[in-house]
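Below you'll find the structure I mean.
Order of writing sets the labels: A, B, C and D. Residues in every chain begin at 1.
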């Protein structure tokens, strides 16, 4: 398995995993966030605490759960608490260091829509809705977002504010009485983005190997800002890639049933 | 006081047309058998409450039984959208469904308030979130000590809640373990609580003292239905049928395929069928 | 992240003069050893919070360490009144103590709100009860949906909470079982949580998934003090020393007898002494 | 053991126990309430659910607990829940059919003082306070009170309203928005009292064997109302008395230590 032999999605997951530390307490969404958190746990952050909204605290699944409540999560957790307690003591109580979210639509300020495409009362596409995300976005100490880039998902204006990021930018969060940091990191399949310290607009700070500025712009619905000095994301190490692929293979086998 | 009944009677005696009803389960312990029984008995105009409406609510909505849905995440978890729900919301097929949409935090707090006998729940939520603008049941109050604005939602008080659990004892006490979700709250918040269980045991004398137990005087009816959560799962009994969740996405995508599947697997089926559906998923004990 | 420390260091590092502190335990698991260590270290001007201040708070108040008491039931449970507390409230000896008095429901909800990060708790309480007239920290709010007036109290947020528990594992996770009281809430509501435990075990892998566990990242310091709850008890380890609670009534009745008892049993004693105090009370395991 | 050979306190406990049914869910206070509830459980109401505020639900202690949180309660309970849950789901949730209270001071309308004798800010005697009682009194479907009669405890006017009974009588509870029945039964060592349907003043309906109206009045601080037809409380049966005395003997031995 050579280093250059990885997909953009694998790069995204690995890059996201690197942003996590052993001391973090992560509220994990399904999909790319779940893969990233578990890769972190299986590589450089063995003591990271993973929490799924089903109430499982300190879980260490051997395969990725299909849902946020698979049996594997409870079987390997330190403890499993009722869902009301999860949202009250653990999320609202300020215990989560990183809330990890995906998005159907995202804007440049990290605002997220997972509710509807089109008008709320007469939607073109009725999406699943917010679930835990509105309060994950406001009560987690920081929010990381992962997303595969496309003009359909990274839009100038989202159709519905499911989860508040930096609003219209600047100090909009503080003005609404939200005292957590909000989205501090966006990891796509092409790049790593961080909010501008003043405007809070997501700015590309690192391009994944082989990715150009043009590729980032072509798959983004707003005019992209790039940092003055752009880094290149280190490619996945052999360990990272092997860990990710083993996890995905175990997961796929498990979800297909015996 | 809990009465032990066949599932058909437990559903017939406790569910009525027009009721506000919760079939709760948070991925784990979804009361599928009870929902299928409700479908066979053709109830109408239900207000369906659930944090995570998934396949069974997609089925009930697809069969035209729901006039309203109160929820916080309507997806086939890990798979995608609910296609029968989409057809109802986007196209009014087979009927339009009124939507009352919340966040998980709001629903969990609202069930908790219902169990606690309060008229409303308060929490720090919905800040900057647009649901607060489209749902008139989201209001706010000011903390009388700090002045902080907090979100308020009405307590959830279903006419009847259906849940699935591991065990009942002979007195009718019910044990729920593993991912316990909001089921205890949903049961205590409801006027009537109907529970399907995997098995009946003599007593709970050997259990750890701090487990999640519903005393028999909080339960209206109990039906023993092994496998009754399938394709969801029961911790300690059988695993989640993830393949069936993946399959549902194709079944629900087409109105005709959906009806044919419902006819074969629900309308022509019975509670006893669940036991064999989980046979290959049973865990070594 | 939990640090394992000798009790003297755990108390010295986490308690300060003037702190608001809870030594919580609801009859069961009272952190007596930690309270005695605080007495030996002569802290002053403490605001003591506890639902059920009993013998250890009678001792701390009798030693003049408390400037204020926040509580809901100040008795020697099943025995009678707290005589050192009475002397402080009725006679200002050895110093007067400010009183903030609630009901159990209010205190339990206030701890719960503290753990949940809320500024206040709401509940249906204090109706017709005169405490609402003498305690300015009891207010009310109107439900924005029904108009019902509900009681409101500020959340409890101690600077530090001390609790006693059964076990810690090597990572510093803590297990509480039996009558769990409000200790989880008291620990999560506090800025710092200090736990004394009966014993250290390798890990919690064999525990039931739904037990009351404080993850290591919610605990500031852990001290292993076998018998540390005596004369209260630890479920699974040793029984309540009811005879000593009955005896306390006589000791606390007289200022001189009290001082002599404190000198011999607290000031001249050490955390290690608790193990032998519970020897005759140990349960067959 | 002959039937006439019983104390007033034993008669009180037995009479209180008779008021309880197997279907009741009792929130039990310490002392006489605890004894009465357990005698009921050990005689005519084997399926009664006893709840102590320490969180123990459906407990069946072999000896009476000294405190509301003795180990015996948890060891024999169906389940033990956290104290916040006890007050929220079980008491406030309306699940308690009978709240069983004692009193330091009681007035004719069932209002209870366990807070202070004298002025609140400068008390003559600082009593323990309300504990669970203020909300037991308002959230239980009904309240039973037990009390040994004396002019010090049954007073014209209580010094502090710890727990609200019928207030000034009549519909005072409803006017305060309390929709539970409040005190419906008072059992003393001399008599059984019930509230007048209109005024809600406690009225003697039954005298214990050998007790006269004068004895009741002499030990009560207000002018006692008697029902038109006064019954005589049946004396304790041999089973009741034996059960109570066995329980007390076991309890005394246990509390003295091994």
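In the analysis below, a contact is a pair of C-beta atoms (placed from the backbone, for glycine too) under 8 Å apart; a residue touches a chain by one contact, two chains touch by 3 or more.
If you're wondering where the values come from, they're calculated on a predicted model, not measured in any experiment.
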Co-neighbours of chain B and chain A - touch as defined: C
Whole-Å gap between the CA centroids of chain A and chain D: 57
Centroid spacing, where centroids are CA-atom means, of chain B and chain D in whole angstrom: 40
Residue list for chain A, restricted to those that touch at least two other chains: 74, 80-81, 88, 92, 139
For chain C, residues that touch 2 or more chains besides their own: 112, 116-118, 123-124, 148, 178, 180, 184-185, 209-212, 235
Category of the chain touch graph - line, ring, star, complete, other: other
Pairs of chains, among all present, that meet the touch criterion: A-B, A-C, B-C, B-D, C-D
Footprint of chain A on chain C - complex, ascending: 1, 112, 115-118, 171, 173, 184-185, 188, 204, 207, 209-213, 215, 217-218
Residues of chain D defined as touching chain B within the complex: 23, 25, 47, 49, 57-58, 74-75, 77-81, 88-89, 92-95, 139
Contact footprint of chain B on chain C as seen in their complex: 116-120, 122-124, 137, 139-141, 143-146, 148, 150, 152, 154, 177-178, 180, 208-212, 235
Partner chain D, residues of chain C touching it in the complex: 26-28, 51-52, 71-75, 77-79, 81-82, 85-86, 89-90, 101, 103-105, 108-109, 111-112, 123-131, 134, 148-149, 178-182, 184-185, 212, 233, 235, 239-243, 245-246, 280-281
Contacting residues of chain D [partner chain C, same complex]: 30-31, 53-56, 65-71, 73-74, 80-84, 86-88, 91-92, 115, 120-121, 123-135, 137-139, 160-164, 167, 172-173, 176-178, 254-258
